[in-house]
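Each chain carries a letter (A, B, C and D) given by its place in the written order, and its residues are counted from 1.
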Amino acid sequence: MTYTTDEMMTVAAARSLRDGTSCFVGIGLPSTAANLARATHAPDLVLIYESGCIGAKPGQLPLSIGDGILAETADSLVSVPEIFNYWLQPGRIDVGFLGAAQLDRHGRINTTVIGDYADPKVRLPGAGGAPEIATACKDVVIIVRQSKRTFAERLDFVTSAGRPSMIITDLGVLRPRDGEFVLTQVHPGIEVSQAIEATGWPLRVSADLSTTEPPTPSELTALRRLTG
Amino acid sequence: MTYTTDEMMTVAAARSLRDGTSCFVGIGLPSTAANLARATHAPDLVLIYESGCIGAKPGQLPLSIGDGILAETADSLVSVPEIFNYWLQPGRIDVGFLGAAQLDRHGRINTTVIGDYADPKVRLPGAGGAPEIATACKDVVIIVRQSKRTFAERLDFVTSAGRPSMIITDLGVLRPRDGEFVLTQVHPGIEVSQAIEATGWPLRVSADLSTTEPPTPSELTALRRLTG
Amino acid sequence: MARIASLAEAVGELVHDGDQVALEGFTHLIPFAAGHEIIRQGRTDLTLVRMTPDLIYDQLIGAGCARKLIFSWGGNPGVGSLHRFRDAVQHSWPVPLEIEEHSHAGMANRYVAGASGLPFAVLRGYTGTDLPKQTDTIKPVSCPFTGEVLTAVPALNPDVTIVHAQRADRKGNVQLWGITGVQKEAVLAAKRSLVTVEEIVDELEPRPNAVTLPGWVVTMVAEVPQGAHPSYAHDYYVRDNEFYKQWDAISRDRDSFGQWLAEIR
Amino acid sequence: MARIASLAEAVGELVHDGDQVALEGFTHLIPFAAGHEIIRQGRTDLTLVRMTPDLIYDQLIGAGCARKLIFSWGGNPGVGSLHRFRDAVQHSWPVPLEIEEHSHAGMANRYVAGASGLPFAVLRGYTGTDLPKQTDTIKPVSCPFTGEVLTAVPALNPDVTIVHAQRADRKGNVQLWGITGVQKEAVLAAKRSLVTVEEIVDELEPRPNAVTLPGWVVTMVAEVPQGAHPSYAHDYYVRDNEFYKQWDAISRDRDSFGQWLAEIR
């Protein structure tokens, strides 16, 4: 089966989630990947949305983090203060699954402004739940399309500063080595030079660089059923 | 109809509650009086119990502040942290209705120990909700049987230190004058000397001392239906 | 006991120029009809408070009702940017917009402090971010027992909070269910409150996952069927995702937004 | 996912000598059966935590399981005193009992801080009382914004929390309803947790006013019908008020208590 680079990215992200763990899910790419994991190898993955839905089991992908289907299928539905204070903050959630508008070699994220804060070139949406998701979860994974604009040499604003263990992109996977994210994995058919070209800092390549297993037909079928 | 001094006390306490207000109710005498008010002149009195029951409407008197009938008839049922933090603490409740093991001329209450704290003669139950009920409600009323032991010259321990507007007893009513509780009202058939005799400090008597209206037959009927 | 009134009457009485106003609802039950009524009544100089400004504040900001925005995430969920919000921040159009920016955890805790009658709340938040440099309502606080340094945020106590709910009874007791977000806290934190509801009923039967706000903590209730459209009301109607997408085009330039505004007014 | 086990197995595995143990339930759903099992297994040196010690801790204290009690109201509700608690405090029988005494508001907030992963909580509390003179876990804290002085109490994070609930499913998801007190906070604050339930069912259907604890935050679940007796389980059985009254006589002297204890053991 043929597949897109976005599909490869989502499949790679889904695979990073272990069954039986809990995942605090951001909307967009992270939500797609987390739901794919639940639909494939991790049926007992606990999906937690900041709208207060714990253990949501949507059959179709939600468009927002507060869709009715998340509430209807949740094991437990709590208030927004409670989801942040009782569930996220104490560090009881295994993985935070986040997107990013801009990030740097340390895995810090900017979703606030491009340009000067007081007089921005582009005003982005802002922090949302990310600063605390990035620091409170036991592990953090970022899912984002790789480009020079997104993978920036310098952030105009630090919105979230966690210690992600992985950045999963449409080109490959980056992991931290000596305090800096380096390319450790490329997806099938992607050249290392493409990843370097799509990175705003001089991207180092790990000596043990590997190639991602391509999506299996069953992964692709499950993904297309979710998004279709 | 004949009546006991306890019945007179409960009726006098019930009358102090205005319809349409909210009352944080301690168990025992306060609960009886608050439910009598609701059964007579104050059908829209909102009864709030520290177990998390807001707007409870028990048909029979509860034996504890956590009886099932309180939960079943409440307008809203919340957790114990919520009842203290969102409902009591901000001062949104009109009246706190409290009992007392021992109190002084300033209306401060001891329900902790008789004797030395570290080596008490009698260990009492302790504070419960009282310290915060006594300071957070807009108004505080104490309902307690009057005796030399209860109305103490000196407290061995200050458990709650609010500013009650009234102490309603089986003998009469005390109100604060110049920072000290004085006798402002006696129940029918009670001599002022009895009240003085039953008080551990030199009880002053207000110049405008009045006599409580005796319980009406309908008040007594309602009370006996509740307690019977 | 809450007073039951028309939406126009309630907004007229409760929302004043210059007020700090919170319209809450986390994706679900967003009080759009009340927002439109504020636009219709021409309120100005408002300080708008909301975790996720969403389309509702894009509309109020574009209409020139707001002087300041206190928020934590200002996007069109699943679609993209809020163009009127951007235009106000980037080009002061139609009027300059001051911003006070937090994280969701910070905003939620500010409402909790407000509802609790406390001047501030404590959280583990904003670690390593640039937000405290720009937002002076984020400060350190030390634990008196362990000495650990945590983050403090001040209480929010809006002049008026407006939320939408599924039902109220005739005494103004309000019931909402599904995702209930931060609405209880926002109402309890406010000096005055308005709840718009899908319907007023004789009796509120108990329901799973329902929040009940007693009528005596609500100032006014107005019956406004479809009052949360284009967001949704659980068990009444679904989210109008198409309108959320259309808003991107409507709001993108000042003229097409002006046309939308003329229709609302 | 919580592990389902027998009560004896669960207490044996989760409760160790010297542990800080919270058995919660505010009048309703008090985990008496688990308390009796702790007595049966002869645990000692426990620090017992509970807002309202009630008969359950009177029993544990009289049985010599406790070294320390952290609490806010130690009476027999509607009846009078807890005689075993009194005897321990007044006469160190059967062993000395250290006490750490708070108000309900303080205790509730200590659990909230524990559940929230914070080292302390802030409240308006203890004003004018002698409690801060005796209890060193009550301290002042200043608002970083207004300078106002409030009260701080440290988090409670019990080694193990035990609560009773109406139901669990086979994955250990727990559902309780009626008065739910401080149980959610007590479980989330604890390092380990045990929930005894009236019954284990295939499916937890949604219910009004229910709290659901997902199985992954509960360590073990044990099916113990009548496990809250003589307190009550909403929709299962009512409170045994007679036993509460009888306890006054049973507990009043050491001999009659000793007979009761022999039967339990």
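Simple rule for what comes next: a contact is a pair of C-beta atoms (placed from the backbone, for glycine too) under 8 Å apart; a residue touches a chain by one contact, two chains touch by 3 or more.
Computed from a predicted model, the values in this text were never measured in an experiment.
Between subunit A and subunit B, the least number of touching-chain steps is 2.
With centres taken as mean Cα positions, subunit D sits 40 Å from subunit A.
Once the centre of each chain is set as its mean CA position, subunit B and subunit D turn out to be 28 Å apart. Of all residues in subunit C, those touching 2 or more other chains are 117-118, 123-124, 184-185, 209, listed in ascending order. Of all residues in subunit B, those that touch two or more other chains are 85, 89, 136. The list of touching chain pairs reads A-C, A-D, B-C, B-D, C-D.
Every residue of subunit A that touches subunit C in the complex is listed here, in rising order: 27-28, 50-53, 63-68, 70-71, 77, 79-81, 84-85, 88-89, 108, 112, 117, 120-132, 135-136, 157-162. Interface residues of subunit B, counted against subunit C in their complex, comprise 20, 22, 44, 46, 54-55, 75-76, 85-86, 89-92, 136. The part of subunit D that touches subunit B in the complex is made up of residues 26-28, 51-52, 71-75, 77-78, 81-82, 85-86, 89-90, 101-105, 108-109, 111-112, 123-131, 134, 178-182, 184-185, 209, 211, 232, 234, 238-239, 241.
Residue ranges of subunit D in contact with subunit A, taken from their complex: 1, 115-118, 173, 184-185, 188, 212-214, 216-217. Contact residues of subunit C toward subunit D in the complex are 117-124, 137, 139-141, 143-146, 148, 150, 152, 154, 206-210.
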